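In the two complexes below, chain A is the common chain; its partner is chain B in one and chain C in the other.
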Partner chain A sequence: MLIQHVFIINRAGSLIYDWDGKVDSTGVEKTFSYPLDIVLDIIDQKVTVVFGERDGIGLRYTVSAINGIPVQACKVIFGGVEKMVLDVIQEEASYPLSIRFQAPTITTNEKIILSSTFHSLYTIAAQLSPALKSSGIEVLTTNHFKLYCYQSTTGVKFVVVGSLSLSSGVDGLLRRIYELYADFALKNPFYSIDMPIRCQRFDDAIRCLIERQDKFSMLTI
Partner chain B sequence: MSKQTKFPMGIDSKKISGELFTLTYGALVAELLRDLESPLAVNRQLDKMGYNIGLRLADDLLAKNSQIQRCTDMHQVADVLAKVALRSYLGVTAQVSNWNARNDEFSLVLESNPLAEFVEVPPELAQDLRYSQILCGAIRGALEMMHMEVQTFILQEHSQSVEIRVKFIRILEESVPPGDD
Partner chain C sequence: MTIFNFYLFNRDGACVLYREWRREKKAVMSMEQELKLMYGMLLSLRSFALKLSTAAGIQQVNSFETSQYKLNYLETPTGLKMVLNTDPNAAGIPELMRSIYQAYVDGVIKNVLIESNAQLSNELFNSRLEQLIQNHPSF
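Up next, the complex of A and B:
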């Protein structure tokens, strides 16, 4: 998919809506012998690859299962006993081990934190501008994705994260998302302004809009 | 209103019968007059309802009229209100007049008030009731979303026309989004 994420950030910098493109995050499973040649460490309560990228197992991948048994927050049932994953991996008697690695995903809390961070970055960009009356960040480009942001006059930010090949029609897409926000969120009598948007019709409309954008790669309003 | 036969892929402005809107509003006012103890309380409630409507209407107007930029002058505000906003939602345009010397106060004159069509206000209420007060609240709420504090009130209201006074108070500096100040 061209579009990977859509975020709506309210005037205070809080995330009120997010949409994810379907990332086929199939894990990678391999059988290992002692000693393990991948360096693992605990980061944010997950057993994470910090070195030793190979065979489709990348940095920041996390251990999701050992011998087919799911890992729960750095612990796994091994030999009938709950053990720390790192302890199991360091024990020679445990091998051979079948370990499944999962590509990193963003949790809801991380999205909330990242949205607040972007809100601050947007403000800083406007304040640091060498020219007068500059807007905040409108396009942010990396080697893997582009982030587009449209801030309405009322202060609501609409953010689209897309692939590098997504380059045309994004302005129209952002404005269309703004229209859907006005029509499905604000006109919902049960919706409180600046609160998270939980509206099935809004979800459906966003999904249809993005599918249409993917198909035609150009939105004509 | 008829049910949508198709999922709205492209959302455009939807039109409804002006009479339906007028009658609904009339029923609302009649209900408030029965529920509340005085016309002054009805005025306050209509203003509050209008304010809540205006908060949401601002984004709707901006989303569908991309040519509206942030206004930097009350004359721009007056033009947008009179020529774009009122036309979009009520189907009428207003005259802007009676500017004061400081250019921060003006009147919106609706010669044909769509809310007041077919409406007769009983003589005992005519003195205190502001039938179209919801418009004042809506304007105040919408402009607040645009980071302006204004005071709005009905100066004159006759059977078909209404004059709404809009007075600029201050810019809400604390809520102006970054990049727009």
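Up next, the complex of A and C:
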């Protein structure tokens, strides 16, 4: 899909809604001999590749299983005993090892942190503007994705993260998401302002809107 | 179409060069605080983009736009960071930034008398930078 994520961020910078496109991330499993030529380290409680890309294993990939046994937060049951993954990898007697690597993913906590970070970046970008009366970040371009942001006059931010080829119709999409937010969240008498949105019909409406957007984008490319 | 200002940060985060051409809004804080805030924003942007992407490999923030300006960003593998603020409709800015980097290499890196972390007062690079900016069609 062209659209990878949708976030709605409230006035205080908290994430109140998120939607993910389908990610077809396949893992990579390979058998290794001693010594391992990929450098691994623990980043955010995950055993992560920090150096040595090859055979489809890229930087930031994490170890998800060793000899078919799932890894749980840097530990694995190896030889009947729970051990640190890095210790298992450094023992020569452990080899040959079959290690499965998984592409990077974003957890819910990371989304909450990212939303707060973006809230600050938005404000600072307006502060550091060399031009008068500037808004915050509206389009952020990297070499892997584009991020579009629309802030309503009441301060709620609607953020869409898409692939690089997503370029047309995003403004309309953001305003349409704003309309759905007004219809399904603000008109809900049981919804408290600035709290997370938990409404199945809102989810369905967002999904239909994005699927229609994908079809439209395919036609215009 | 215009070019507002330019920042050059070394790998330690110190601003070694700041140039201003058509800046309309003066900062409400002191210049030293603004440079720290700008560098902090760039660091946060980089880690934000790194975490947000699920693609493997190196993340590189290219630019961001607001309603009134566009911040163009270039970071070299050696940690040098360039920020060029332009009008959102300015064209050809990535090539201009690579030209600036080439002028930096020619005028500063190849000059053995310059301490690499010091404030830039190299007249050759400064005049070359002015020339590149003022001859650009987006200026």
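Everything below uses one rule, namely that the second predicted complex is superposed on the first by the 217 of 221 C-alpha atoms of A that agree within 3 Å, B and C clash if a C-alpha of one lies under 4 Å from a C-alpha of the other, contacts with A are read in each partner's own complex, and residues count from 1 in each chain.
Here is the rule we go by: a contact is a pair of C-beta atoms (placed from the backbone, for glycine too) under 8 Å apart; a residue touches a chain by one contact, two chains touch by 3 or more.
Keep in mind that what you see is a predicted model, and the values were worked out from it rather than measured.
Student: Clash or fit: chain B against chain C, after overlaying the two structures on chain A?
Tutor: fit
Student: Could you say whether A:L132 touches chain B, chain C, both of them, or neither, answering first, second, both or neither?
Tutor: second
Student: Identify the partner contact of A:Y61: answer first if only chain B is touched, second if only chain C is, both if each is, neither if none is.
Tutor: second
Student: Kindly classify A:P104 by the partners it touches after superposition: chain B alone (first), chain C alone (second), both, or neither?
Tutor: second
Student: Please tell me which partner, chain B or chain C, touches more residues of chain A.
Tutor: Of chain B and chain C, the partner in contact with more residues of chain A is C.
Student: Under the stated touch criterion, which partner chain does A:K75 make contact with: chain B (first), chain C (second), both, or neither?
Tutor: So A:K75 meets neither chain B nor chain C here.
Student: What is the value, to the nearest 10 degrees, of the angle subtended at the Cα centroid of chain A by the Cα centroids of chain B and chain C?
Tutor: It is 90 degrees after superposition, to the nearest 10.
Student: Once the shared chain is lined up, is A:K30 touching chain B (first), chain C (second), both, or neither of them?
Tutor: neither
Student: Quick one: classify A:G155 as touching chain B (first), chain C (second), both or neither.
Tutor: In the superposition, A:G155 contacts chain B only.
Student: Report for A:K83: first if it touches chain B alone, second if chain C alone, otherwise both or neither.
Tutor: neither
Student: Which partner does A:T141 reach: the first (chain B), the second (chain C), both, or neither?
Tutor: second
Student: Just how close are chain B and chain C at their nearest CA atoms in the overlay, in Å?
Tutor: Once the two complexes are overlaid, chain B and chain C approach no closer than 9 Å between C-alpha atoms.
Student: Both chain B and chain C touch chain A; at which residues?
Tutor: 125-127, 134-136
Student: Where on chain A does chain C make contact in their complex?
Tutor: 4-5, 23, 25, 53, 58-61, 103-106, 110, 113-114, 117-118, 120-121, 124-145, 147, 161
Student: In their complex, what parts of chain B are in touch with chain A?
Tutor: Result: residues 7-9, 11, 55-56, 58-60, 62-64, 66, 68-70, 145-147, 175-180 of chain B touch chain A.
Student: Sort out for me which residues of chain C touch chain A in the complex.
Tutor: 4-5, 20, 22-25, 27-28, 34, 37-38, 40-41, 44-45, 47-69, 71, 85
Student: Give every residue of chain A touching chain B within the complex, in rising order.
Tutor: My answer: residues 11, 122-123, 125-127, 134-136, 151-156, 175, 178-183, 186-187, 193, 204-205, 208-209, 212.
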